[in-house]
Amino acid sequence: MFLQQLINGLTVGSVYALIALGYTMVYGILGLINFAHGEIYMTGAYLGVIFFGIFTVMGLTAKSLTLSIILTFILSIVYSSAYGYTIEKIAYRPLRHAPRLSPLITALGVSIFLQNYVMLSQGAKDKVFPTILSGGFTIGNATVSNLQIFIMVTSVVLMVLLHLFITKTRIGTAMRATAQDKKMASLLGINVDNVISATFIIGSGLAAAGGMMIAMHYGLINFYMGYVAGLKAFTAAVLGGIGNIPGAMLGGIVLGLVEALGAGYISSEYKDVFAFGILILVLLFKPSGLLGENLQEKV
Amino acid sequence: MPESSYFKILSVLILITLPLFGCKKGEEPVANVIKIGTAGPMTGDQSAFGQDQQNGVKLAVEEWNLKGGVLGKKIELVVGDDQHDPKQAVSVANKMVNDGVAGMVGHFNSSCSIPASKIYNEQKIPMITHGSTNPQLTEQNFKGIFRVCGRDDQQGKKAAELVINELKAKSVAILHDKTTYGQGLADEFRKGVEGQVKVTYHGGLTQGDKDFSAALTNVKTGNPDLIYFGGIYPEGGLLVKQSRALGIKAPLMSGDGVIGEEFLNIAGADAEGTYATFAPDVNKIPSAAGFVRTYTKKHGKPGPYSVYAYVAANILLHGIKDANSADGEKISEAIHKIKYDGALGSIEFDEKGDVKMSPYVIWQVKGGKWEQISK
Amino acid sequence: MKRVLFDMLTYLLIPLWFVLLTLPFLGISGSIKLGAVLLVCSAFIKIVETQYIASLPNILENRVERIKNRAKKIDGRLNMGVMLLILVLLPFTLNRYSIDIAIIAGIYIVLALGLNIVVGLAGLLALGYIAFYAVGAYTFALLSTQYHVSFWTALPIGGLLAAVFGLLLGAPTLRLRGDYLAIVTLGFGEITRIILNNWDALTGGPNGVMDIGRPEIFGYRFNTPAAFYYLILIMAIITATVVKRLNESRIGRAWVAIREDEVAAEAMGIDTTKMKLLAFSLGAAIAGIAGVFYAAKMSFVSPESFTFLESIIILCMVVIGGIGSIPGVILGAVVLIVLPETLREFQDYRMLVFGASMVIMMIFRPQGLLGSSARRMELEPVDERALGHEDESLYDIKKGERLE
């Protein structure tokens, strides 16, 4: 029972973490809550269904399931990154020097737009992702499906890759520098615009991967799925300390676990209350989040 | 202070904008047209239902217009979008009043139908809902408010009877999606089985959520013979799927919200054996065959509520025809007298506006298809 | 020549980019159609000259300034009385539906003015404002159906209770800065809605509360749209006056000081905690009062009316209208209520257009429709200060590490 809830929580938590990374990276650099990020996750899931459908029709799936899954993943991530990049260029870049609440409004506008764009083009009905990678095994009296393992492993791999990217590559270093001090970074010859674009591209790609995996896991997607997921992922990002990458990962996992255990042991009706409740509690005792540093205000 | 001057200008602005959109149309009804309205969640997260409804009503109107309309006039359909928000439902209702509709089909959600029904009742416009199953709607005893669908209490009772008498289940777990519809259904079902069947678990889920493993893990510990779910197909489909993944063998039973292709697509092979209470099979009623054929040709497969919307529109138009007038009170009276034979079988209304016969029969998924298994 | 070719290429590339982008969603024919439309548009932009487009914000700015100036001129001729008279006569010229929209706009004007105290004046980003509105609405709903309390008694009670909630939430959380406060209030808003939906014994759960009493005065029962219109008109005028007076008072100046620089404000002897709490509870009280009115007008409340999206819409009204400016906030509320209604003509496309217009509006007037220049100076620049206290780096660059 406890083990089962633990596994349930970890699965959901690792997807929250993937989406939360996008929030946290954008926030770290732009100080912007990118409310459209949840919609990118939704777009990614839709693209997954669409591309997988195309491959199935083409007969690729029948020939090699693994190849078609990998191709679907790559295409969907590339496409979603392109969406993220475009959104940044259209909706956020012109507002770089605007009052700070203005980009928040464009983010919401983009979010409403994308939801309706997908609804109108793909229909309002739920889309079904065919069951693949079925089967699983039991540990004690808990059931673990292969997909759950797949989700957890992929998430960890992606996060490790991101970590390496941020710490080891040139552009990763530029990202950190920009997050720390934009003006200084640009004085040192870093093209801040490119760094911001890269941030959106990477964050969107991760969200799309999360969306794809959710589509595979639950087998059901709809055009409004990004809203709740985005809200939860944002919560996870703040929980871990917004702007902090390991924090977002930790926040996602903690949030998933709290939800699963709270819903399992106390009441499933109040599932979301536990998620937001734990957030409020953590912030009250450690206002900068679990891993965020408590910076003193500069006077 | 500049603020005060803006304030005045602003008021002028407000003044200018309001009449602009307010008086655009509907000042006086065009003589040669009879308008009927339909309102529901046309956009937003429940738009799938709204679109089904709109298509069903449209089809009915088109058919009537082909036959020459009603009272010798063409029928014009006014579509309203309430986004399943009670506040917008009231706005839409007022807009319908303005547009001078003779009658309404809708709204879909009980939480919208209830506040909107007050407006229609005040203005004596008959309203036939095709999907609001909350008993409270007709318990208001408004004269012109009808529904062609059943009530949650009838449906829950029917399901409970089946569980006790036929399936002879010893224990059930009850879940619902915490909406007016789902919770009402689950509560009525519980009332029906209380004392005769052991309830191992009773809990709510969040509509729109995808992960029910936490609640299902609890269901699993109780090891029930059957899971009853009050709610609609996305959650229903995921519930079956996830319960099988967790190793729960008990079949699922639910209400009319899970009927339809969507549920089967979502749940896949796991759907097999699922029970549902619903109206008699449209495909088995000869008079409905035409509906299914034309609907499929025009808009694709009918959704679970397309038929209800279609029938509701037909009854409304018959009412207008029988009353021989576009006057709301007369139409309501005529509808009360109607005995309509159509795609949903024979329909008559009681004095509250509910259908007289309990319209529910039992369905089950067999060989990947929904089939009617009881009379 | 090279230049021209390059130009042409970019104008071709942009539509092509969108064709590729929308291909999986719209299908081949759909995306090509879109591409064609974009091609025509970009050709048009080329012809009209990019310079004009680039200067559009400035042109718009001038327009708005001109309207403002004209407003000042008309001001001399038009006095408050005439204005009021027009507003009072309004219901006689409008149909039922328009009056209903006017009432809803009125409710949102009150709400947006209340949120403006919190966000615009005190600079506290709150994303769960709808919770206070819900508290007010449910207060009256329950008092009316359970104890037959009249509207007029419930009005202050609803406001007071919402203010108490504001204090309860504000006291522990207001020391959080910026976006942390935003997310905590967001969480609070969601928790409130979930509790309303689940506490069946008290709130009726998803069924909501029905048959809430209508206001009565000297035996006259409010049941026509016009009656509610007058009621909300009076409430909106009172709220606007209160907010305006507050804005110009010591308290208002203290709020602005806190918003601009909290440390400096504290050094100047302003009790920042007290002032922030005051702003929070005052904003909450106004929302509570609006909630009572909403319950009375609908005579039905259910948790569906108090979603996160509503909080967001109210915030949009404040920002789109022009943060901190009272006429701006009023205009923002009217625009955001009227726009989706006028867009009903677009039917299924209306929310798509709505989302796009929010983006466009902000790109062309980031300071809001009637954002005043003084406020703009106060709010800008975003880069250094806004990020100043929270720019925790993605990773700390260790001392001596090379940016290579």
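Lettered A, B and C in written order, each chain numbered from 1.
To be clear about the criterion, a contact is a pair of C-beta atoms (placed from the backbone, for glycine too) under 8 Å apart; a residue touches a chain by one contact, two chains touch by 3 or more.
Keep in mind that this is a model prediction, so the values were computed, not measured.
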Checklist entry - Should the pattern of chain-chain touching be classed as line, ring, star, complete or other? => result complete
Checklist outcome for this item: Interface with most residue-pair contacts lies between A-C
Checklist entry - Hey, which chain ends up farthest from chain A, C-alpha centres compared? => result B
Checklist outcome for this item: Chain with Cα centroid nearest the overall Cα mean is chain C
Checklist entry - Centre to centre, by mean C-alpha position, how many angstrom separate chain A and chain C? => result 27
Checklist entry - Where the centres are mean C-alpha positions, what is the separation of chain A from chain B, in Å? => result 35
Checklist entry - Counting in whole Å, what is the centre-to-centre distance of chain B and chain C, each centre being its mean C-alpha position? => result 33
Checklist entry - Counting only residues that touch at least 2 other chains, which ones in chain A make the list? => result 116, 269, 272
Item to check | Interface hub residues of chain C, defined as touching at least two other chains | outcome: 198, 348, 351
Checklist entry - Residues of chain B that touch two or more other chains: which are they? => result 43-44, 178, 204
Checklist entry - How about chain A: which of its residues touch chain C in the complex? => result 24-25, 27-29, 31, 33, 46-47, 50-51, 79, 82-83, 86, 90-91, 94-106, 108-118, 120-122, 166-167, 170, 173-177, 179-183, 188, 190, 231, 234-235, 238, 241-245, 269-270, 272-273, 276-277, 279-280, 283-284, 287-289, 292-293, 295, 297-299
Next on the checklist: Which stretch or stretches of chain C touch chain A in the complex?
Outcome noted: 17, 20-22, 24-26, 30, 119, 125, 172-173, 175-177, 179-180, 182-184, 186-188, 190-191, 194-195, 198, 263, 308, 312, 315-316, 319-320, 323, 348-349, 351-352, 354-359, 361-363, 366-368, 371, 376, 379-384, 386-397, 403-404
Checklist entry - For chain A, which residues count as touching chain B in their complex? => result 1, 4-5, 8, 12, 116, 119, 123-126, 128, 131, 136, 138, 143, 145, 214, 218-220, 222-225, 228, 259-264, 267-269, 271-272
Next on the checklist: So in the complex, the part of chain C that touches chain B is made up of which residues?
Outcome noted: 67-68, 71-72, 74-75, 78, 80, 83, 86-87, 90, 93-102, 104-105, 197-198, 200, 205-208, 210, 225, 240, 244, 247-248, 294, 298-302, 304-305, 325-328, 330-331, 334, 338, 341-342, 344, 347-348, 350-351, 370, 372
Next on the checklist: Taking the touch rule as given, give the residues of chain B at its contact with chain A in the complex, in rising order.
Outcome noted: 43-45, 47-48, 50-51, 178, 203-206, 208-215, 217-218, 221, 233-234, 237-238, 241, 245-247, 262, 265-266, 268
